[in-house]
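In what comes next, chain A is part of two complexes: it sits with chain B in the first one and with chain C in the second one.
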Partner chain A sequence: MSFIIANHLTRQYDLSDPWIVRMLTSNKRKQLTAVDDVSFSIDKGTTYALVGESGSGKSTIAKMVVGLLAPSAGAITFDGKMINDETISKADRQRLRRRIQMVFQSPYASLNPRWAVGDILKEPIRAFGLFDSRADQDKRVNELLDQVGLSARDANKYPHEFSGGQRQRISIARALSSQPDVIICDEPTSALDVSVQAQVLNLLKTLQKEFSLTYLFISHDLAVVSTMANKIGVLNEGKLVEEAVPSQLFAKPENPYTKMLIDAVPDFGKV
Partner chain B sequence: MLAFWHRYKRNRSAVFGLVVIVLVVLMAATADFLYPFDPFRLAGKPLSAPGTNGFLLGSDSLGRDVAAGIVHGAKTSLLIGLIATLVAVFIGILFGALSGYYGGQLDNMLMRITEIFQTIPSFIFAILLVAILKPSIYSVVIAISVVSWPGVARLVRGEFLSLKSREFVQACHTLGMSDLRIMLREILPNCLSPIIVIGSLMVATAILIESGLSFLGLGDPNIMSWGFQIGAGRTMLRSAWWVCTFPGVAILITVLAINLVGEGLNDALNPRLRERN
Partner chain C sequence: MSDHLLEIKNLKITVATRRNVLNLVDNLTLAVKKGEILGLVGESGAGKSMTGSAIIGLIEKPVKISGGEIWFKGKRIDQHPDEVRGHEISMIFQDPMMSLNPLWRIGDQLIEVITTHMNISHQDAIKKAKHCLVEVGIDPSRMNAYPHTFSGGMRQRVVIALALAPNPSLVIADEPTTALDVSIQAQILDLLKQICKTRGTSIILITHDMAVISQTTDRVCVMYSGRLAEIGITKEIMAHPQHPYTKGLVASTPQIDASSFEKMLYQIPGSMPALDNIPSGCAFHPRCEHAHDKCRAERPEVLSNRAACWLLDANEGQ
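After this line comes the complex of A and B, so read on.
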């Protein structure tokens, strides 16, 4: 049973000049189609990876799934409910929000520099009303820090006191804090050192097993994707050009663009 | 906090400005103690030169003590400067935050309103407002706030625009925080430094506008102020130079000091410019 279904997802950006300029120069409206009729589905507890180069629309899809952007056309269904339905109530939307979380690309930009780590982790607990008493909230924060391999003492520190890898762990803990079913990982390791990348990826895998999480994994790095994904979708200029399980994709890629991506991965065995 | 003071201390002139401001504040605070009588009171022989007839800084054409006027006027200037700035910053944050955060039509509307205020020359607008509202300390504060908030609104809007697309603010949306909470707790604290800097400089401008209004006789007639003293003494500038000169020097020094402090705050609060020197 598919947990998340994206149906003919399309997102356009309006790049037109202001109205008055268009009137004077008789330029037409300009539309950029960042995501063009993309459909895919993700099973519960699995990882679906979207790969593609910069500007291929990966992050736009991520933002639409998490609800930060509205699709221009098409729809996303999550656990049988339409996410982007205009008619759903505020309370329902909040309930859906709780179940879909996101880990952002840059661990340096995704944590508010003025908040202590404990407060950052407590905010979703507070916003979704998960634990009422302070003691329970503090206990939960310690639990979260422990789950991502940090210590309870780190709750009083500020983001700038941590390394990139540790910050990404905080980011992951924040996403876990609302007890979600789905985590969207938008290039979670691309800003990290290679050695730290592996640690963060392993952490994500462990957490997936422990909480039977569903991941939508966005990346441009095929090496990373091959270790994480159950299924890979290749995006090129907003279109989904190929979809396959990793072994098949690497063994015999069908689309020329996929071939090009695979050939671009440095292979040190051959050097 | 200590690190902030260390950065601030590096700017010598800013420290000098701070010392001057502290002195002016002390002067204002002890006004009723230094000169317990009404500064409008006839205190002795009119047009006494500084140091004569018991007048430290001389007396004006009605025998009022210039020194007493300066000390009491300090209270007026600082109070009006501070309150008018607070009101203007409040309005500016309100407009700028809504405009930058929500964007779109609301942004368009609020910014056009801001532009209407920006296109009117501020001092003439202030004169007009005080003339309509009848001169009083309240109308002066209102006039100064009304002419000085657009700058803050513009600044805050820009900060909100750039901060709202940052990842930690985006994350807040997925974490279910309300818009108001995101604005107040996530974005606003991150743009406080430029607001503090522009606010400190606005105090200086407010004092200048207040002095200008009082000079033209549009200040509160019952409250002593530096601008009023200069206005009262300007016809006798050649025969009794001290009546205008000392309040003028007081305005100059205070405004200069506030500007130096603003500059120092800018250097200390703005990490990008911190290593400029």
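After this line comes the complex of A and C, so read on.
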């Protein structure tokens, strides 16, 4: 059975002028449909990738899946439970939040510069009440740092003391700290150099195997996606225009938009 | 006479900090031929933009050129860059708004550049401006439009038109498509390439993207920690990289290829050293699986006109 199911997800943004301006100018309300009736499902332990150009609605979907943004219509089911159900209890919601974590594109913006790395990693541990004693929390921090290829000494350092790739490892460690089942990766390597990108992508794969993590992986880079995804969904202007496994999508793209995206990738191989 | 348009000899760019002097570009030697596209590739901090800025004379204090020479069309320009900047050599930046004035109509910006650098009448400048827009695929009826009414991709087209308007012999493009959508990136690079090939203009294309290098350039110079690692014909370097760092870069770039679906990528161990902590000998040696004693002790020269790596030294062997 699918672990995550997005069912007819739609999200509109209201771009209207304030009502008083509308009254005076008789401008109509303006709605932007950023995500338009998108459905997909992800099996446990697999990676589903969403690709598309800037503004196609990728991050909007990510935010809805992680619960940061409510859908205008449609629903997300996670492990048999509806995430956006109003009737869900506070305790259940907290439990769901622990199980779905997110890694963002910019490791600069997403890490609090005033906190030492150890505190950044402990915050979710405390918030979700995972380990009570300080000793256990410290042990867990060391374990997390080790899992992402950093050392226990790094717990006392601050984010600015790390390179971009190392900072992204810290973001991943923080996502792991609440022992999630799902990680939403929104352009996790777009700000990184190729050699650093390879390290971070490999790390994500190793962790996936070790903890049977489920990934929703968002990127505009088809080459990256081709090495990461078990299944790929192509977004164009908020609509899912094609979905396929990599071997099929790249060999026989069916949608003209998908073809255009693939043709735009510099052909590295043909030298 | 050599067929070199630009020659950089032993260029050194430094910055003095409170504690020490950092080498941002260290003993770089390279040349650009007339009409060719040379790629400058390397990781963030490798010194690519610094090299570009030095050529066009935009190095600002506290950073300075502290050694070497830059020659352009047989004249030494590192002392007097103003004579060629903007007119013989122009620059395209990553962010199109670095080159555009938001308050001016794009037509007026083009005419301004043309009349500043070329000795022609206003009427001819208008004609030329329109022609420049057509060349980059923008309808000349948009002469009166302001930059903010264009999309990112169209703005970068206008910037290309501006950079090429005074008929420069060399264009330095610093990550010209990094801020653009994938689908537009290819269009812009093709456009730049096609115009320069028709006109015989040379380009130095700065990027950290090996795929862009492979698609666009004739020759490529790979930089590591401010130093030249490898230089040569792009096709040869992509197919048979000689420097272990170049090999790593090529291998770690994800490619759409049935054999790599769902597979691990090759990864270079470790990370690029900080500027105040450059290793002895070859800067890459701590990350190189083939490093031997000489690599740790002695900085490699560029061997066989190709790579700064002792492994190329037939006498050294392994």
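The rule is short, and it goes like this: the second predicted complex is superposed on the first by the 270 of 271 C-alpha atoms of A that agree within 3 Å, B and C clash if a C-alpha of one lies under 4 Å from a C-alpha of the other, contacts with A are read in each partner's own complex, and residues count from 1 in each chain.
As a convention for this text, a residue touches a chain if its C-beta (ideal position, glycine included) is under 8 Å from a C-beta of that chain, and two chains touch if they have at least 3 such contacts.
All figures in this text were calculated on a predicted structure; none of them were measured in a lab.
Annotation: superposed three-chain arrangement on chain A; chain B versus chain C shows no clash, the two fitting side by side.
Of the two partner chains placed by the overlay, neither chain B nor chain C lies in contact with A:G233.
Judged by the touch definition given at the top, the superposed model places A:V265 against chain C, while chain B stays out of reach.
In the superposed pair of complexes, A:S163 makes contact with chain C only, with no contact to chain B. Remark: in the superposition on chain A the angle formed at chain A by the CA centres of chain B and chain C amounts to 80 degrees, rounded in steps of 10. In the superposition on chain A, contact of A:Q94 is made with chain B only, not with chain C.
Contact with chain B, but none with chain C, is seen for A:E123 once the two complexes are overlaid on the shared chain. Looking at the shared chain after the overlay, A:L222 reaches chain C, while chain B stays out of its contact range.
Annotation for chain A, partner touching more residues between chain B and chain C: C. When the two complexes are overlaid on their common chain A, residue A:L68 makes contact with chain B while staying clear of chain C.
By the touch criterion defined above, A:V196 reaches chain C but does not reach chain B. The gap separating chain B from chain C in the superposed three-chain model is 12 Å, by closest C-alpha atoms. For the contact definition in use here, the chain B contact set and the chain C contact set of chain A share no residue.
Looking at the complex, you find that chain A touches chain C at residues 53-54, 163-166, 193-199, 201-202, 205, 220-224, 226-230, 246-247, 250-251, 260-269, 271. Listing the residues of chain B that touch chain A in their complex gives 166-168, 170-178, 181, 186, 189-190.
Of all the residues in chain C, the ones that touch chain A in their complex are 43-44, 181-183, 185-187, 189, 208-212, 214-216, 234-235, 238-239, 248-249, 252-258, 260-268, 271.
On the chain A side of its complex with chain B, the touching residues are 63, 66-68, 94, 97-98, 100-102, 104-106, 109-114, 123-124, 127-128, 171, 174, 177-178.
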